[in-house]
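Input: structures, listed below.
Each of the next two complexes has chain A plus one other chain: chain B in the first, chain C in the second.
Take a look at the complex of A and B:
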């Protein structure tokens, strides 16, 4: 009889390298994402000026926020902003991309021209558009007076009923080139044989665009939608320069109101509460989209 | 499973450690971030939104040249960015040694981080040091101090009046006179209408500008009443203050201000338009004299030696004070971090910036009016510039009695919002006054 030696398998250590590789990312994530969120949530429970010792008020800031008419205005404005920037930007950007995807003379120059506003500073864009829209001495008012087009002479930024929409128009002007670029990239990925087949089958241009190209760009639409929602929620510079959130808070957005509360009214606790709400809205919007369209929509993969 | 547990443990430990490392709501320990020194040597940090970078550099260079071994690291921000920087630094215990402050709310917010400055002032300028300053500067330096706290946590660097400016070229061309009463203002505006310029350009997008114009009107209606309302001894709904809101409203309803006034900002748009000759009158303040800074090249013709401008006070209101009232106060004040490692050097630099060689450099640029009396630019580029400077510093500034600020940021905001609502027709003057009074009752 020979003695058999039983060798116990060595404990597997293959998890270690993986964890170590993840560690730097985790530390950065914890430091720059988790920690600010925890800090903000904690600050939102305080009556605090950001410098001196804060007083714990529990959910008091949240209760106050729900009763705050300016906060309600910021939510309404965010809704308008999401609706009226994403759709027009996508449609105009899509048709510009279709046009500039054709072999027309000087298309690179046109592409650059349409994309330029997206790389400009929102502060510069805001100052220039504020002057252009000035009903006393702005370009639009001068054209309006010269041509008799009365609507061009109105003070859209000075009217509480129209200020937010004027800001939205400027935003659409600024970011349409960005949507165009996305669609141009998407159009490059469409297999030419599909379009050729449609042509052979006698599909009209309109039919080709609406029934083939538009559906094939689904991942681009969804990427722009997600970026548009997040971008709308965090809009700050353009509104601050154009209207400062006025007149009388009529064009106030969540970030401009947060800034005013934190740094002008010295209510860092209340501002943190607005930030937490903003974070919740952003997370819920993003998760809802992932839930509705699948996590693969950003990469163009099938629904996962 | 074990792998998962280990990872979770690391995650929990990291999250806990960073959470414990810094929590919201604690007071900062305020450790100045500069190196220690003795007396006149060492390093200081200076952060502010004013004076402008170029002028600050001249002030710093002058100071460091006169104090070998000293070094000042200075950074000038835009005002909103400065507020963010200051709050972040205060929270992270890296307060600069010398900071720019506004009187009232901003100084009070950082009061616990600031060193009382009266000893520094007395040591430098003598026991009667307060007499060196314009009285409104001394009053406002302690604005909002708790009762019984007589410390100076900031000292004024620059002061100003708030007033109107006229484009004298337009006035001369039209044969118009500077208006002294409300009726004259209306008739002058009518006289100046029809040109390519705004007779009365009101860049009312900015809350601060709305407030200073209103305070000029309100003090002309009933001198001192807005401050009594803020102190709680009178109401914002007092008929006299409602009348002030009514006159503010008339600027818009009677077409005194240009179309779209509530959408135009003072800087850069309003100021640029006025300097380009697109307005006959504009409400700004004494600081407008900085447009004629001799160190600048390529000045617009109107600004060259202030040749095209004349300051004047907001016209009197029917039934109100017989003379226009002087409204103004501190433009910029300076404070010292209480934990500075170089208190002597910081005191020396601060007092030099306010009334020494550094201050001379500052005033040579006509940045605004000095906080101390008797400090004048070394060079004037025209007699008109000198005449305006003398008017502002010797006739107006010593007589400023009423503050351009309210004490609390809540009231500042409530007033600015109410004025905006009146201007756009959302509120009547009475409703606006009631709303401001309601905000007043909520202020702690």
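Take a look at the complex of A and C:
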């Protein structure tokens, strides 16, 4: 900082107020964001139980990770999660936003109903849906038995083939309202005159929506895409409560696996390795999106 | 209110011609929205219904949604027999300070980045944006170790500080956009009038950014109130635990009292739903200010 002050012609005092405004954020950020990342990277090179002194193993944890079949499962599950949450949430959310952008009666009640799941704790949502999907007492099972729809009575969370998809359905229920809210916000920014012009030109509703409104919401789509990717990679609580990553790791996600390694198996070095990989995946996917589309959708700036 | 009216519409399927002359014709969108809203509400109705399960005969009716003999016994039970009040207070002691700190520090940072001269502005902003994507679970191991070495393990203050740090990037990005929308001339005029920079920030910029602050407040309340992972690994004493840890911590106990479990879930959810409903009308505006 001192060298920068010398090279710049502006007096240092000029920076002082701004720096003071930044100070609290800077301290917290250094302590709880930057330092943990460095700490993680360092710990990932150790064979360490978190208590005794760790043994340096270089990239040993990383090579082990590549051979770990559970790691492969977590990657596969993250891929499914990204694909099967983002697309339905965006389509249903967009559709709801279109309807609820109209001045219809009770629209704020509708908006609240669809958004409320997103404000609930994943712990609450997880336990509630465990019960919903319970093959004996669950709502689905009871409806299934009453109507003869056998497929509703199955224990989807307990079946390794379906557990991850059941969790994904719960996630869609939880977060679709969030996408709706983003699209509602995006719709507010669309100039009415554009839509009026389309109407005068005789464009059908379908045409207006697909050819005008949808493309105009590009930055909303991108924000939701990025948030969806990051949110998918981050998913911990919902899966932990619903299935604990089971049965037999079938619905394991990167964070649940990290947690197990660190706090149940005491392999802190290995857990840090998974964390670093998770962080790298998150950063690379976000940076490549910013590279491809510019950072405007993320920061709210028009161009950059 | 509207919903019940519409429900009958759905059943009879008469949208084309209003049967009784003058009544305002309901919008066709209700035909889609009402069934979807009902579908979306099923889990909510279920948790409310099951929280009324009696302890003695916890059988249900109506597809497992409602208890056969509803009772408020569970609410009384969790209030008197479990120390749930302490957990509720703990949740508040974590959430309220972290929300206030995020709003304060976040808006200060946003002000510096939007209007003040700061070295390496682009780098700072880039780092913040990057931290937006930082998954909590990827740093929880090291945060746990750091809190331990700071003497903040098993301490609510540690949670407040971590939540504040992790909430700042989102807050800065949202509030900065809103500050940028305030004409720069207002800043210059106020400074020319002799107002200090802090005063301009406090008296001019903050009041003009209420929608953005509302978005930040809701978002941060959600993240602090609802979080489960960090208290799970950094709190040991039962007297310190926030509400979110209770359902799983006492899973065994709740096996025999499913109603009490669902009553606690309702209790966890009420405050955050109230916060959301209180600022709901600001949310869309605040967000559209932020993402424009």
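Please note the rule applied: the second predicted complex is superposed on the first by the 269 of 304 C-alpha atoms of A that agree within 3 Å, B and C clash if a C-alpha of one lies under 4 Å from a C-alpha of the other, contacts with A are read in each partner's own complex, and residues count from 1 in each chain.
Criterion: contacts are C-beta pairs under 8 Å (C-beta built on N, C-alpha and C of every residue); 3 or more make two chains touch, one makes a residue touch a chain.
Quick caveat: nothing in here was measured; it's all calculated off a predicted structure.
Clashing of chain B with chain C is the outcome of superposition onto chain A.
Legend: residue contacts after superposition of the two complexes on their common chain; A:247 is shown touching chain B, with no touch to chain C. In the superposition on chain A, A:139 makes contact with chain C only, not with chain B. In the superposition on chain A, contact of A:157 is made with chain B only, not with chain C. In the superposed three-chain model, the partner touching more residues of chain A is C, compared with the other of chain B and chain C. Applying the stated contact rule after C-alpha superposition, one finds that A:129 touches chain C and leaves chain B untouched. By the touch criterion stated above, A:225 is placed in contact with neither chain B nor chain C.
In the superposition on chain A, contact of A:49 is made with chain B only, not with chain C.
By the touch criterion stated above, A:65 is placed in contact with neither chain B nor chain C. When the two complexes are overlaid on their common chain A, residue A:113 makes contact with chain C while staying clear of chain B. Once the two complexes are laid over each other on the shared chain, residue contacts for A:286 go to chain C alone; chain B is not touched. 15, 19, 22, 31, 35, 39-40, 43, 50, 127, 131, 137, 141, 259, 262-263, 268, 272 are the residues of chain A that lie in the contact sets of both chain B and chain C, per the superposition on chain A.
Interface residues of chain B, counted against chain A in their complex, comprise 2-3, 6-7, 10-11, 14-15, 18-19, 22-28, 80, 83-84, 87, 90-91, 105, 109-110, 112-113, 198, 201, 205-207, 258-265, 268-269, 273, 278, 409-410, 413, 417, 420-421, 423-424, 426.
Per the touch definition, chain A reaches chain C in the complex via residues 1, 4, 10, 14-15, 17-19, 21-22, 24-25, 28-29, 31-33, 35-37, 39-40, 43, 50, 96, 99-100, 102, 104-106, 108-125, 127-129, 131-132, 137-139, 141-143, 146, 173, 181-182, 184-186, 188-189, 219-220, 223, 226, 230, 233-234, 236-237, 240-241, 254-255, 258-259, 262-263, 268, 271-272, 275-276, 278-279, 282-283, 286, 295, 297-301.
Residues 1-3, 26-27, 29-30, 32-33, 36-37, 40-44, 46-47, 50, 60, 63-65, 101, 104-106, 108-109, 111-113, 116-120, 124-125, 127-143, 145-146, 161-162, 164-166, 168, 172-174, 176-177, 180, 197-198, 201, 218, 222, 225-229, 233, 244, 247-248, 261-262, 265, 268-269, 272-273, 275-277, 280-281, 283-285, 287-288, 290-292 of chain C are the ones that touch chain A when the two sit in their complex.
Those residues of chain A that touch chain B in the shared complex are 15, 19, 22-23, 26-27, 30-31, 34-35, 38-40, 42-43, 46, 48-54, 56, 127, 130-131, 133-137, 141, 153, 155-160, 163, 243-244, 246-249, 259-260, 262-266, 268-269, 272.
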